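Consider the two complexes below, in which chain A is the common component and chain B and chain C are the respective partners.
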Partner chain A sequence: MDRSSAPLTPAPLSLRQSMTVLHTWAGVAVSAILFAMFWMGTLSVFDREIDRWMIPQTRLEASDAPVSFDGHALPAFRAAAPDASMWYWQPPRERQPFGTLGWNDPVQGWQTRHLDPATGTLLPPPESLAGTGFIFPFHFSFHATWMDIGYWIAGFAAMAMLVLIVSGLIIHRKLFAEFFVFRPQKHARRSTLDLHNMTSLVALPFHVILPLSGLYIFFGIYLPWSAAVPFGGDAEAMDAAVYGSFNRPALSSPAPAQASIDAMIADAEARWSARHGIAARADVVMVQHPGDAAGFVTVRRVFPSRQVTMDADVITYDLASGAVLKDWSAGPVRRAHGWLSGLHFIQFDHWPLRWLYFLAGLSGCAMIATGLLFWLRAREGRHTPGSARFRTMEALTIGGVTGIIAATGAFLVANRLLPEGAALWGESRAGLEVWAFWLVWLATFLHAAVRRAAAWAEQCAAIALLAMAAVLLNAATTGDHVLAAATRGQWAVAGMDLMLLAAAGVAGWAMLRLRPARVAEAPLPDPALAPAE
Partner chain B sequence: MSHTLPRILLAVFGGYACAAVGVAAVGAAVPGSGEAMLLAVLLAFPLWVALVIWVFAARDVRRVAAVMAGVCAVSALAIFALPAGAGAG
Partner chain C sequence: MSALLFTCAVLAALAGCACLALSQERHWKAVTGTAPHARRPLRIAGWALLTASLACCILCERASFAALLWPLLVMLAALATAAVLTWRPGLLHPLARLVAPKAS
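And now, the complex of A and B:
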C-alpha cells in the first residue's frame, strides 16, 4: 500500500483485497522464475524431438530389428566402460529410435552414448546436452546443483504458482464471464489484463496440476527429513519402500559367472504382463557393480507407453545367478503418486495430448508474461519513469520473457555453428552451447536495462532472426531442410524447423506491434484499473 | 510493506514447518510405511497452499501464527514421543 495515502489506522482488508495483495506480491516475486520454468517445461514436452534436431547422428530411421542387451549393449559397455560402477540402458522406443547407454566414468563422470539398433554400433559422442540434457533439467533445477538450490527455487516458484492460481480465482469473481472477454481494440493495459485472465482460465487444470505434481515428484528434496522419519531417518530405506530400489555394496571380487540379462528382462516383462493383464515392456535396465560378485541388475518399467502411471514396477536380479532379489510393485498411494508424476512427465504415447500440453504450456507463458506486463503498466504512471526500482523491474521483465526465448534461440544456433570437437578454455562443445545460452540471456537483461521499452521490439527481432538462422543453419550443416526431413520421415526434425519458422513469424509480428512508434500512439491507460499494492 | 512482510514470512516458513512436521508426524505414527508417508505428502502441499491463503486472508495474523505454532508443537511432540520419530531425530 502507498504509505503517503495510508490512513493512520488502516481499515481491515476484504478477502478480495487481501488476495489482491497476495497475488501481486507472489506474482512479482517469482514471475520471471516461473516464466523460465514454464518456457523450458513447454519445450521439454518435445525434448526428444529437440534431441533429434540438435544431435544429427541420432536422426535414424525407426527400426524393427530386435535389440538385445546381451548382444548389443553388453559388448558396447564392456568396450567403452569396463571400470564403471554402474551401467544404464534404455532400449529404443517410438520417440527415440536408438538405444541409450549411460555409465558413471570414474574420471569423467556421467557419460552417454547412443546405439544404432540397425547396425548394433555406437554412434559418435553426442557433443550436446540438447533437449533432454539441458532444456529439461533447466525446467526444474536451472542447472544450479549446489545444495540442490535450483530445485528449491523451482519448488518455491511452484508453491507460489499454486497460491497465485487460488488467489487469482478469488480475485476474479466473474470468472466465467471473463473467460470470454478479450478486447484487443481497447488500450494496452485493459487488453493485457483480458489476455492474462483468458490464458489463466483456458488451461486452469493444467496450471494447477503441473506445479502440484512437480512438488510431489521432488518431495524427497523438499521434505527430506519428514520423508525419512518412518524409516528411522534412513533415506535409503525410504527409497527402497517408495521407489523399490535395492542396494548392496560391491565385494571387490570378480563374479564367478554372469547370467543372461536378456533373460532377466524377459522374465520381468512376463511377470508384469501376468500381474497387470497387459503387454508390459521394460524400458530401463541398470547393472550395478558390473563384473563384481555382488553385482545386481535392476529392471524397471518407468514410462509405460499406454499408461499414465509411471515407475510402478521394479524387479532386481542377482547378476551372477539371475535369481530374483526383489520384486517390487507400487501400492495404491504410490500408484496415485506415480499417476500424478506421469501426468507431469507426459512420456506416454499420445500425440494429441502432447500437443495440448505444448499449447497449455504456451498459455502458461502468456499468462505469466501478461501478468508481469500488467503490473508494469499499472505502475508506469505512478513511479518516476527513470527510478531504479521501476527500471530494474522493467529489465527483469523484458529479460525474463523475451530474453530467455532469445537465449534458447542462441543455444540452437550455437549448436549448428560450433564445429565437431570444438573446445575453448577447457569447455567442451556441449559446454560452449550452454555458455552461449547463459551469455545471451545475461546480455538481454543488460540490453533491456539500457534500451528500456524499445528492448521489447528489439528482442523480438532478435528472436525472429535467431529462429530463422537456426532453420537455415540446420539445412546448411545437415542437408535436412524441412522438405528433405519430411520426405525421409524425420518428423521430429521437420517439426522443429516448422516450429522455429512459426516462432520467427510470431516474433516478427510482435516486433511490429511493439515497436516504440506504435506503442506511443496507443491511448493512455485507465488509472482506475491499477491493482491495490 | 510493513504489514505484508510478516505475512510473507509466516506463509513461507510457518507453512513449510506445518507441512514438514505434519508429514513427519504421520510417518512416526506408521513406522516403515511408505504409503502412509506418501499420503501425508500428497496432502501436505495443498495444506500449505491453504495456510498461505489463510495467512493473507486473516485479519489478525497473530492468531494464525499461534495456531500454526500450536500445530507444529503438538506434531513435534508426537514425532519424538513415537519410536520411529525418535530414531529419525
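And now, the complex of A and C:
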C-alpha cells in the first residue's frame, strides 16, 4: 500500500483509495480502545490462572472427592448468608479447585467466597478482583458503568473492527503473494507493514468471529428492539423463552420443609445425560428466596467442559417439595447463539485450543500495535512531526499500547506488595490494586506526551522491570517460585511466572528494536541490507 | 482427544503451509536459489494437506471444536512458516528437494 501516490485533487476516489481513507481514519479513531479490548481479552483466556496467581489462598490441591451441596455449601450459606435473597453455587472444576459461593447481602451487596473441598471450610475473602473480577470485565466494559457506556464503547469498537478488517482486505495489494512475507532487515516502515499484514491475515477467521460473537452476546443491549417487539416489551417473558429463566415472588412465610438439593442436581444431570447422550454435569446452582415457602432452585449447565455451546439447559425445582417447576433446553437457533457465545467465553476445557486463542489474541494485539506504528512512521518522514495532531496520536499510541501493558504489570506488582487487609482513604485492598492500574496507565500517557518517541523504549523497559518484579515478589511472598509451583502441581502459578518472564524478555527485545535511533531511521531502504529480489 | 490425530493435524497444517509458500516464486528462490519449479503441484499439495489437517481435526474432535481448532492450527502453521522463511529458509530445503531432486 503506497499512500504517497494517492492524488490530492478532489477527483472521485477509487474503491481502494476510499477504503484506504476509511481504514486509516477508523483505525486512528478506535485503535487505542481496540488494543485495550484485545489485550484484556487475550489475558482473559487465562483468567482463572491469573486468579490463582493473584489470590494465593486458592492455590489448592486438585481433589477428586465429591462435593455435596447439602453437606458442604448449605451449612456455609446458612452461617454466612442467612438473610440473602439468593444463593449462588459453583462446584469445583478443572481450572477452579474449589467451590464458589456467592450471595447478595442486604447491606454489603454481592459477596463471593471460596470453599475448600478438602476441609469443607470457607477460605478468607479474596481481597482482589484478579482476572475474573477486573481483567475479564475490562475486556467488554472498561469498568465504565455509567449508563452502560462501557458496553456501548466496546460495541462500537467491535463494529469498527469489522469495518477495519473489510477495508484492510480491499486495500491490501498482495494478499496471497505476500502472505508469508516478513522482511525485518528492510526499513522500519516496510517491516512494520509486513508484520501488520501478516498478523491480520493469519488469524483472519479469529479476527472476524470474535468481534462478531462479542456483539452477538450483548444483542439485548445493542438491539433492545429485537427482544421488545416479539415479546411486547416484556423482558421477563423474553428471558423465560430465550434463557429458560423462571421467577416468582417470595411469600414471606417460612418454608414447611426443604427438599435435598443434591437430589435435584442428580435428577437434572440424569435428565440431560439421557436427552443429549453424554455425561452432563451441572455447574451452577442458584437458590432463590432460601427458607421461603416460594423458594425455588435453578440448576444450570452454563459451561459444559467438553462442549462449545454454552448455557443450553436449565431446570427449576420447587425448594420445599423438590418438584420440577420448569425444564428448559435450548432450541436450534438458541443453540447456535450458545455456540457463538461459548466460543467467545472459552470456559470449556481444551488446553491446545486455549493456547491457540492466546496466540491469536496476541497476534491481534500485534496487528493493532503495528497498524498504529505504521501510521506514525508513515507520517514522521513526510509531515511536520511537531504538529498537535501527530503528537496527540503519538501519545495515544504509546500509552494505549505499551502503557496498558505496563499498567497491567503494576496491577500484578501491587497485588503482591499490598499487605492483607490494606485500606487507604476508604478503598479496600482490591480497590487499591485497581487504583494502581489506572494511575500507572494515566502516567504512561503523560510520560509519552513529554518524552515522545523515546517513551517507547522507556515504557518497554518499565514493562520488563515490572514483569520481573512480579515474578520475584510472587516467590518472596508465597514461596511458589516456578520450580516449587511446578513440583506442587500448581501449573497455573508456574505458567503465570513463565509467561511473565517471557513478557520481560519480549519487552527487553522490543526496547532495543524501538530505540529512538531506529524509529528516526531514514525511510529509504539500505541497499547493503536489502536482499536481491 | 486422540493425541495421534491431533499431531497429524498439526503436521499436515505445517506441511501444507510450507508447500503453499514454496509454490511462490519468491520463497522457492530464497530456499533453493534456483528458478521456480513445480508451482502447480506444490499448490495442489498445499491445499490437499490443509484439507487433510481439517479432516484430522474433525476425526479427533466434535465438529463444533474442529471448526475452532483448524483455523487456529493453520494460523500457527502460517506463522511458523513465515518465521522459518524469514530466519532459517534452509530448513525447507529438504521439502523442496523432495519435489525437485535436482533443485539443490
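Structural remarks
Following the convention adopted for this analysis, the second predicted complex is superposed on the first by the 504 of 533 C-alpha atoms of A that agree within 3 Å, B and C clash if a C-alpha of one lies under 4 Å from a C-alpha of the other, contacts with A are read in each partner's own complex, and residues count from 1 in each chain.
Everything that follows uses one rule, which is that contacts are C-beta pairs under 8 Å (C-beta built on N, C-alpha and C of every residue); 3 or more make two chains touch, one makes a residue touch a chain.
Everything numeric here is computed off the predicted structure, so don't read it as measured data.
Model built by superposing both complexes on chain A: chain B and chain C fit together without a clash. In the superposed model, A:I149 lies in contact with neither chain B nor chain C.
Touch criterion not met for A:L439: it reaches neither chain B nor chain C.
In the overlay built on the shared chain, the residue A:L343 is in contact with chain C alone; chain B does not reach it. Of the two partner chains placed by the overlay, neither chain B nor chain C lies in contact with A:A476. Once the two complexes are laid over each other on the shared chain, residue contacts for A:A263 go to neither chain B nor chain C.
Contact with chain B, but none with chain C, is seen for A:P230 once the two complexes are overlaid on the shared chain.
Of the two partner chains placed by the overlay, only chain C lies in contact with A:A360; chain B stays clear of it. After superposing the two complexes on chain A, the angle subtended at the C-alpha centre of chain A by the centres of chain B and chain C comes to 90 degrees, rounded to the nearest 10.
The larger set of touched chain A residues comes from B, when the choice is between chain B and chain C. With both structures placed on the common chain, the touch criterion links A:V242 to chain B but leaves chain C unconnected.
Taking the two complexes aligned on chain A, the least Cα distance separating chain B from chain C is 18 Å. Applying the stated touch rule to the two superposed structures, the chain B and chain C interfaces on chain A have no residue in common.
Residues of chain C touching chain A in their complex: 1, 6, 17, 20-21, 24, 26-27, 30, 62, 64-65, 68-69, 71-76, 78-79, 81-83, 85-86. Against chain B, the residues of chain A that register as touching in their complex are 1, 10, 12, 15, 18-19, 21-22, 25, 156, 159, 162-163, 166-167, 170, 212, 215-216, 219, 223, 225-233, 238, 241-242, 331-334, 336-337, 340. Residues 1, 3-4, 8, 11-12, 19-24, 27-28, 30-42, 44-46, 48-49, 52-53, 56-57, 59, 79, 84-85, 87-89 of chain B are the ones that touch chain A when the two sit in their complex. Contact residues on chain A toward chain C in their complex (touch as defined above): 176-177, 179-184, 198, 201-203, 205-206, 307-309, 339, 343, 350, 352-353, 356-357, 359-360, 363, 531, 533.
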